[in-house]
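In the two assemblies presented below, subunit A is common to both, partnered first by subunit B and then by subunit C.
Up next is the complex of A and B:
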């Protein structure tokens, strides 16, 4: 009796397929992980840049007006949107001299002024910016807050 | 078959993800660099600010470290400490970053001439200049764990600012006039009235003689080289008269009446000239008629007077004169009154009152010629009375007559009638010898005849001035002199004034401009409201901080009525259209100096509190409106320079002016250094 020859194998076994998929997944997993980290890092950078610009903004304004103006700020005069010593929302894009990206609404800001302790009359100005809790930028930004500082000296006139 | 495909796909994705990774890493590195640079630039700004503040502070006072550096125009860089920046830097930089910051200043350029090429400097030793200085800051940020390595970031920042060195007092040898324009020349004077002679004539001498008004210029306690000069513009008798027709004095002089208190200034003079009989008879022609009637009465043939004499007595007296016998004072008053009626203008002003106490109110000092010579310039003269009276003396007179008698002629001598020798009679009084007054009815009767005939007698005695007069030939101070030969064109040494181009000018000229170099002014066109913003004036704190030259557009009010004196902290000139001072001004220290310069109006003083400042009121439009108006007794410790004194606008009182000796430096300059906050050039660059 002659044996009927076995037909040649034309496919993969289930085990092979599973193994293959496993190998491919293992190969691609770090790639996708890295891809995700890259994206997060990129968004973090974008958020940090925005936060920096929002922190710099009052510093530029106060520096432009100078020490004498700043030393009585909040007592005799103030600018809307720039309160002293309280966390406040930042308005988004508005027509006006100060324009900001629309994402600015997702940040809070606090401005503080403190007299210098040395002989030289001056004010230490500190601006902190932090993302609104639960907002998109809160997820993006890795740091809790961004701080910008300067010193306003009383200049000879 | 599928394996190669997977491998290709994997490799493709690997390259893609890898590329993105590097991009993102670069992005993070860039962000780090950005953050680092932002930190550095912020530190740089703070450091440059602090450097400027330090330079500003240290150049404000002569004792400051930067003051001589600016004044001398040093070529050496100046190291600047930055303590506040150092502290800020330590706080600001996240660990492990650490920073090092160094600041220096250098003078970039300077200019010593105006835009028109006129030199700012009155002498080679002067340091007036405008220029540009540079603040440079070097900043290095390092990782503290990697010391010795190249810094993470190295920045150099520079800013250019303008500075001005302005002399507020320049040396003046009190023995010599100036020989070039110095923009602070006016401060040489304790009192300078620019249109002094003109005002004196126009006011008919009332500018220096006002009832109830006195201006005491008190500087007797100062050494000669530190005294302020006193000058009235136009008092140069050697030049042709500037008087308009009808104006007096015709000579370009001003005079001050010398009262009793200054009697020792009156040139002593006592002379007696016996009058001959023919002169007596000429002066009293009625005596011939009297003689004729006596001839008739006594039946004489003819008769003559014999020994009819008298005396011309000359002497001097103060004006006004208050001590002496009533009859003497009355006679002097009558003489002065008659003289006034024969004169006009400033010479004739009545009532005759004492002049201002320009040499102080201490009689011995005011009469000391050395003292007066050290403070006065130009023709400031004293005026006193030179009085000549004629008193007939008929006590020894007789009438010698002849009487016809039978057989001959009898000589007979008769006494004069009693009324001619009566001590209380008409011919025993003293007749003032004055030119006959122009005013109708001023004199009448016998006295009028006497005065009409007096010139003929005067002509016979050219060696003995027989007309009374107000003597104004002698300069103020001293007592020596020869009234028979009064000096011609007597005057103190004259000052010399120059315009900015170095041409010699008169005080009345348009070129008479203190602080005239526009480019030396730190600020111009500032509104009065900005004084506070510029920190020049803090009314709440009662402080004035002058620094350099500042020009205000408008009238400036300083102080509060009955308020505390304002404290002057700094040195400088504040110019404005006008000023109103409501409270006193007090220098905070000996180096402080304030000059108030009214360029289009007056300086109104509404306080009697001490004012330690220089008041200059000179109308730059030539309208002669520059004056000071003291609404309360002035107590000025400084100097007063004005177009006109206008004492009629002052409250009648005794006003005092004490010259500030810091305004008169025989050898040294007083400077103000001002730095401008305005940034002319700025650059921050990585190294």
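Up next is the complex of A and C:
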């Protein structure tokens, strides 16, 4: 018995077509990821801007009151809602007189004052702001925390 | 059997699969585009808001009372009242205040005979006002900044439209008091900008399909800080601000 030669395969098989479709759709994936990245980065920048404002707020207050006032802060006087050295909610139990965007409640803040070493009396003020774990802003913000710093000096003589 | 072509069943199956894949691709592309557009608009409004807040901070930092003969015993509340004038009702608010020129030295606007005020003729009069956008159905406002240099000379007024996407802009004086009773005045600025996700669609009220960008700031004018440090305006070295008592 002689075997007849198989004719040459000029078309595509079903499996080949399905595989081609799969590869094409996979090629599109990075494009869609890139498109949605725009939204994510804009949400990130909006959240970062708010975090910066929240970090700069205590600095503005302490700078306005001045070095002498700040050097005894927490001992003889304090402002409710601005504790030193502890992470605290912003606009939590004591919202205070300042109007902030509603998303501010999703942040935590810590304020530290550290005396400067050297002959010139001064305080290094550092404010850290971080999103509350599991909050919307925690997903949006790419940075773990925002830090703002300043130095408060005594009036030179 | 000679299999040069494809069967009808294979064509139908491939067409079905192609339909499913292209439908998924179209959906992904549609949502990706929407998401991208939202991101671009939010970024635009955020940048616009940042620019406005920067301008507001620059102006409010230099805000001061135009009264040339302020009593040294004047309390901070009166000092503040003389600094900011608010008129209109929400949301058509107008905020007017005087400010010494940002490029000039603060000392240049304080006369030698003054006891705590500023030379009115040296000050700029600045007004921030919200005006209704041209489209009646829209809830958006235009935020306009007007500057009358040199004591409020209206013939030299400079008008600047900062944004046409504003839904809220409030400049509010706030008094922050510590537990010992000492207080300081600040300006609390609240700003909210909005945009529609669908091109050409008016924003009539807050709701879905909109981008809202909210921001705030707390500003202590240098004149307030100097005032707080000493009622007679002693030199405030940190702010490079000198009053009559320090001369």
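Throughout what follows, the second predicted complex is superposed on the first by the 122 of 157 C-alpha atoms of A that agree within 3 Å, B and C clash if a C-alpha of one lies under 4 Å from a C-alpha of the other, contacts with A are read in each partner's own complex, and residues count from 1 in each chain.
The rule is short, and it goes like this: contacts are C-beta pairs under 8 Å (C-beta built on N, C-alpha and C of every residue); 3 or more make two chains touch, one makes a residue touch a chain.
Remember, predicted model here, so these are calculated numbers, not experimental data.
In the superposition on chain A, contact of A:57 is made with subunit C only, not with subunit B. Once chain A of one complex is fitted onto chain A of the other, the partner contacts of A:31 extend to both subunit B and subunit C.
The larger set of touched subunit A residues comes from C, when the choice is between subunit B and subunit C. In the overlay built on the shared chain, the residue A:11 is in contact with subunit C alone; subunit B does not reach it.
Residue contacts after overlaying the shared chain place A:120 against subunit B, while subunit C stays out of touching range. Of the two partner chains placed around the shared chain by superposition, subunit C is the only one that A:100 touches, whereas subunit B remains out of contact. Once chain A of one complex is fitted onto chain A of the other, the partner contacts of A:49 extend to both subunit B and subunit C. When the shared chain is aligned, subunit C comes close enough to touch A:79, but subunit B does not.
According to the touch criterion, the shared surface of subunit A, contacted by subunit B in one complex and subunit C in the other, consists of residues 24, 28, 31-32, 35, 37-38, 41-42, 45, 49, 56, 63, 153, 155-156. Across the interface of their complex, subunit A is touched by residues 2-3, 6, 10, 13-14, 17, 20-21, 23-24, 27-28, 31, 34-35, 38, 42, 45-46, 49-50, 52-54, 56-57, 60, 83-85, 87-88, 91-92, 533-536, 547, 675, 677 of subunit B.
Chain contact summary for the complex, subunit A toward subunit B: residues 20, 24, 27-28, 31-32, 34-35, 37-38, 41-42, 45, 48-49, 52, 56, 59, 63, 68, 116, 118, 120, 122, 124, 148-157. Contact residues on subunit C toward subunit A in their complex (touch as defined above): 2-6, 10, 13-14, 17-18, 21, 24-25, 28-29, 31-33, 35-36, 38-40, 42-43, 46, 49-50, 170, 172, 174-180, 182, 184, 186, 188, 190, 192, 213-220, 224-225, 228-229, 237-238. Within the complex formed with subunit C, the subunit A residues making contact are 7, 9-11, 14, 17-18, 21, 24-25, 28, 31-32, 35-43, 45-46, 49-50, 53, 56-57, 60-61, 63-66, 69, 76-80, 96-103, 153, 155-156.
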